[in-house]
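Next up: the structures, one after another.
In the two assemblies presented below, chain A is common to both, partnered first by chain B and then by chain C.
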Partner chain A sequence: MSRSLPQMVADPADVSSRDGGGRLRLPATRGWRIKETPAAWLLITPVIILFGISVVYPLFDTLRLSFFDIKGLAPAKWVGFGNYVTLFNDATFRNTLLTTLIFTLGTTVISVSLGWALAMLCAFAPVHTTPFRGMMFVTFGISEAVSGYMWLNILRPDKAGLLNAIIGNFIPGFAHSWLGDPNTALWSLIFVASWSGVGLPLMLCFAAVQSIPRTVLEAAYMDGAKPTSIMRHIMMPLSLPGVRVAIFINLLGALRAFDIIYVMTGGGPVRATETVGYFMYRESMTQFKLGYGAAATVVLLVAVLVISIPAIIQRTAGAK
Partner chain B sequence: MFNRSLRRRTVLAGVMLAALAGVSPSVLAQDISGDLVILQWQTGTDGQMWKDVEAKFMEMHPGVTIKEFQPAGGQGDARGGMRTALMGGEVVDIIINTWPAFRAELVNAGILRPIDDQWASFGWDDKLSQSWRDLGSIDGTTYGITYTYGDRSAIWYKTAQLEKAGVTPPKTWDEFIASFDKLKAAGYPAPVVIPAKYWAHTEWFETLLLRTAGVDVAAQLAAHQIPWTDPKVKAALMKYAEMLQAGCCAPAATMLAIEEPYPTLYTAEESNYMLFGMWTNAALKNDLKLEEGVDYSIFQFPALGMGFDDTSSVDTKELNVTTNGANPAAADAFLDYIVSPEASAIMAGYGYASPSSAADGSLLGPVQQIATGAVSSSKVQFVLGDLLPGDLVDEYRVQLQKFLQNPTEATVDEVLAAIEAKAATAY
Partner chain C sequence: MIGRIHWWTVVLVGVIATIWVIPVLGIVVTSLRPPSEVALGWWRLDTFSITFDAWIRVWDEYPLAQAFWFTAMLAALATLGTMLLTPAAAYAFHFLNFPFRRLLLILIINAFVLPQQVVVIPLFTLWRDLKLIDNIAAVLIPYVGMSFAWSIFLVKNFLEDFPKELIEAAKIDGCGPLSTLRHIVLPNATSPIFAVGVLQFLWTWNALLLPMLYLRSMQPLPVLLTKVSGTYESNWDLRSVAAIVTTIVPLIVFVIFQRQFAAGSQTRTGAKE
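Now for the complex of A and B:
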């Protein structure tokens, strides 16, 4: 669809929309002169104002705060890059970076690969699997706080916990504290976050598979390709654009994860599940070290940008 | 006619003036009116108690309307939400506070108004002893009026469980440790429940520190006048290790996942003892509908025989008034009311003890009677965790979680060194 977009917005008959080489030139490339486009400015101004208030101002204020030492209600003291130096010398913060990396990669790999695999299977019977896909997508719509409380009970440390009770049917007396054991707490969270996030990759990958021209699949079938070969050599490669979007969205979501950690573990036990997002909250809101917390926020922002920019560039290049 | 009228008015004015000169400020306070905003962060049963306390005040002062400002919560520590509200420009008249370190922070930020003048004019010396006043003071200036206090060295138990196991409330540490086997034999796998998800695992250390080293050492540690690596601190933690090694508790991973101990003890019946704040009384009475003194009770922390068995850990809740509050007269009147018999009676009904001598002690239930008796006969020290700087208290709690995972001497040395390293930068 995106390849046909230029033809739709630019009239091929209009010679002014083609450059000397005959390549299409979009109207936007003529330049934005306010006299020519007053209505456009009028329409976009509220958005710019709202964006400035809700995004740009907080962003710059956070950056400003990160250069101050603010403890509790005491007056702020300018420390320059002091908070950043402290941050990268802080063993707790370094540990949160590692935890964030594991959590982000873990949830992304599990939810995207599971979503992709399920999308492949659903593609063989798209109509019959509609209710199933709907149910899977509902998990994505449930608030993380709500699903966190639900999983808190499923993962209860005693025999009354649903998971322990199920395992207890096979291993009598089994009881494991999934969220209290530092060895399993992070992976339990990754599992819960993946469960919560699998719906979106499923839908994105399914949409990508559905956009594969039917003729390609039919030709392969006529040539005697088996379903597994069709899946491996046609459906998987041609659904990669959907997978890329799913990876991008999951990475960003996992990097910023907070609600589920707050509800289920509070960053514990012994900081085993403390990600940068939770560290930022703890430093800023619990200990009220606003400057230090702001520095952590800026680091998280940079990480998000590092991941976002290549994806945005790729999308932009794809659109061109 | 004119002269007679003038004379009558003069006499009336004189009588009124004389009457006004003779009445106490608390009577004058009857004329207060307007909105009174309270920064109130308690929820559940405690929140309901506050509603009742406020309703009674409004009944006594019909011109006053109390408005609560509820800050955002924060996993057992409301200070983050309170700071956000105050920094965000929220104007309140009264702040409910339970952290001495937070009071100091508010004073340093110029948010609190001293109440020494009110203390004299309202005559609070008649209701609160000097020691209560000292608890609410910083460098000789009074900022807080204590309205309730709790015994944090009381061990809670369910009476039927101990009877079933043939255990009487232990008086000594050895009896306490020895009771674990009997309780386990009676079907209770983990006699002591320690909810270590956030902070409650530090309670045992804090009372053990008092009982092994005394209130002076605890106060010095709170002020970082002695290091955390001091042998006396280590000795307290080793006593804690002794309890853990005696098989008191569930595995560390279970403790680290528990936030609230009541279900383990009173619903699932897997445990028997817990060391938790006096708000437990309100929760058990009102939420679990248990009968105080019949279904549950307390005994004071068992004696260690190390010369400090007359010590107890306590917490208090106080009211502070703000410098920018819109209704200081009503705020002062509320402070006077909170130590009155009327407010104390409402709090007693919920299971809370008032330090006011105007309170009717007979309204307290049997558990609170034990607790107040224990506190009044003890040398007390405020809960250590609430005295530490915010930066340090977090590390303190996390390091004691590490200790629970492996309560050996090597771990004790390691965690105390880690806390000391943080303390070196926190003051």
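Now for the complex of A and C:
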């Protein structure tokens, strides 16, 4: 102590100076400062290597491959924007874009509006509806592949399918192949994806409604507001931040959907249920057109980045 | 809520929730009733009996047990990898200064928006050239590497509320950066590390696309399930058992950790509130 004290006085910069992060620099922490950077690199090097291999490299390689014509193991041929030109002249791909749009908007609108409505209903009896919220949230914990399988059972094309049987009660002899008919296959998928995804918007919106200050609700109640007007004028506007998060998560989830399509329809019938995320798999992994598949992936990537702009700005600003 | 309980909302939500679990009930009942009874529908009660026949036969019909242990091993290894590397990196990003710190951080935490389709083609060609197809490293590397995009964000968020005084005290007492991590931060950050582990476990257990493409001889449960579940196959009883076996472990984990999962998936794919 007696030895370090004069040293502190002799080096006033060391006592009072603050580094860039505003941290007080004390001489006793000099050992820390010397070891800081090597220690940091030691801790993050494995992360950087793994992240580089599985995120950064694929990102740039997908972009690079999209400018080449690659079929199977044949040597790659540079085609510039050729793949993109072919892509947008391909009637199948244009149909895929439309399918993606319907699927993404359909699942998001259905699951978020249903989740939001249920969250507000639950807010009128938060304790008594706890088990029911749990039941609906559980479907969110079942993997997409298994959810799809469960619905194959309900949507069976013959009378052993529950949906056909229920409609058959009203229209005798009714039997519809829900997933075999191009007109109903996509909406069946949208419904199943919403079924499996509604738990998250429900929980997010319920948390948003619950976080409305009690005093606000009490004041409205004392002023004689009816439950419907409390819902309309207090709960709906004040839970919007939660709804916004739920919409964003659902949009991202629907754009990257693969499992549920693969299990339920395999993209069929006649490619009527292929989204861009499925199209790229089919072109690159079953037709082995790697460059063409990569170009489709880039289109998917652009869509994802566009809807993520607000989230990316927010995260980047918050990264200290 | 204020005032009396609105019973009509309880009833309404209850009815919807009951409808919601019917498909789940469907495969459980299908797996437990003899196929002859359910030929016209699993809900029919013309005759009713319970049999565990499908539950006994399925293990011989499909390589289900093998796939179960393989899935468990993959999920355990990937979870372990993420749980070991994430806290260390989050600590370095939050408490240590090093060149390019902020740039790397921004890159990693924004990668959460990327869909898994991005890795499919590049890693397929890379693993093919490196002869890693059918090696478990081919899926473990992307499982762990892609997890950092959300796991580091989650743990770093927790560290933002970590008392700085503890770190300063450790510094002054002569702790180096590594021993501070070991003795101060890790013992006090078990809850976010555990939450990261649960999320990673669920994600890797349920993964379908990457193992389907990069593994050949051994395949995890979701891939096996898709192989046996073409629409026009019979054996609904056997396949229902396979579906239940596929989902039972992650479902139990999910139910136990519901709360963390709701919080975690929010940071995983969404913005912080």
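Here are a few things to note about the model shown:
What we mean here is this: the second predicted complex is superposed on the first by the 260 of 320 C-alpha atoms of A that agree within 3 Å, B and C clash if a C-alpha of one lies under 4 Å from a C-alpha of the other, contacts with A are read in each partner's own complex, and residues count from 1 in each chain.
Just so it is clear, a residue touches a chain if its C-beta (ideal position, glycine included) is under 8 Å from a C-beta of that chain, and two chains touch if they have at least 3 such contacts.
Everything numeric here is computed off the predicted structure, so don't read it as measured data.
Of the two partner chains placed around the shared chain by superposition, chain B is the only one that A:269 touches, whereas chain C remains out of contact. Once the two complexes are overlaid on the shared chain, A:135 sits against chain C while remaining clear of chain B.
In the superposition on chain A, A:179 contacts both chain B and chain C.
In the superposed model, A:229 makes contact with neither chain B nor chain C.
By the document's definition of touching, both partners, chain B and chain C, reach A:285. By the touch criterion stated above, A:47 is placed in contact with chain C alone, chain B being left untouched. When the two complexes are superposed, the chain touching more residues of chain A, out of chain B and chain C, is C. Residue contacts after overlaying the shared chain place A:204 against chain C, while chain B stays out of touching range.
Residue overlap on chain A between the chain B contacts of one complex and the chain C contacts of the other covers 157, 160, 179-180, 262, 285. By the touch rule above, chain A contacts chain C in their complex via residues 19-21, 24, 26, 28-29, 31-32, 35-37, 39-44, 46-48, 50-59, 61-62, 65, 118, 121-126, 128-129, 131-139, 141-147, 149-154, 157, 159-162, 165, 179-180, 195, 198, 200, 203-204, 207, 214, 217-218, 221, 227, 241-242, 245-246, 248-249, 252-253, 255-256, 258-259, 262-263, 277, 280-281, 284-285, 290, 293-294, 297, 300-301, 304-305, 308, 310-312, 314-316, 318-320.
Of all residues in chain A, only 71-74, 156-158, 160, 175-182, 262, 266, 268-271, 282, 285-289 touch chain B in the complex they form.
Listed in rising order, the residues of chain B touching chain A in the complex are 74-75, 77, 79-81, 83-84, 86-87, 105-106, 108-109, 111, 196-198, 250-258, 268, 270, 390-391, 394, 398, 401-402, 405. Put simply, chain C touches chain A in their complex at residues 1-3, 5-7, 9-10, 12-14, 16-18, 20-24, 26-27, 30, 38-43, 85-86, 88-89, 91-93, 96-99, 101-102, 104-111, 113-126, 141-142, 144-146, 148-149, 152-153, 168, 171-172, 174-178, 181, 202, 205-206, 208-209, 213, 222, 225-226, 229, 231, 236, 239-240, 243, 246-247, 250-251, 254-255, 258, 261-262, 265-266, 269-273.
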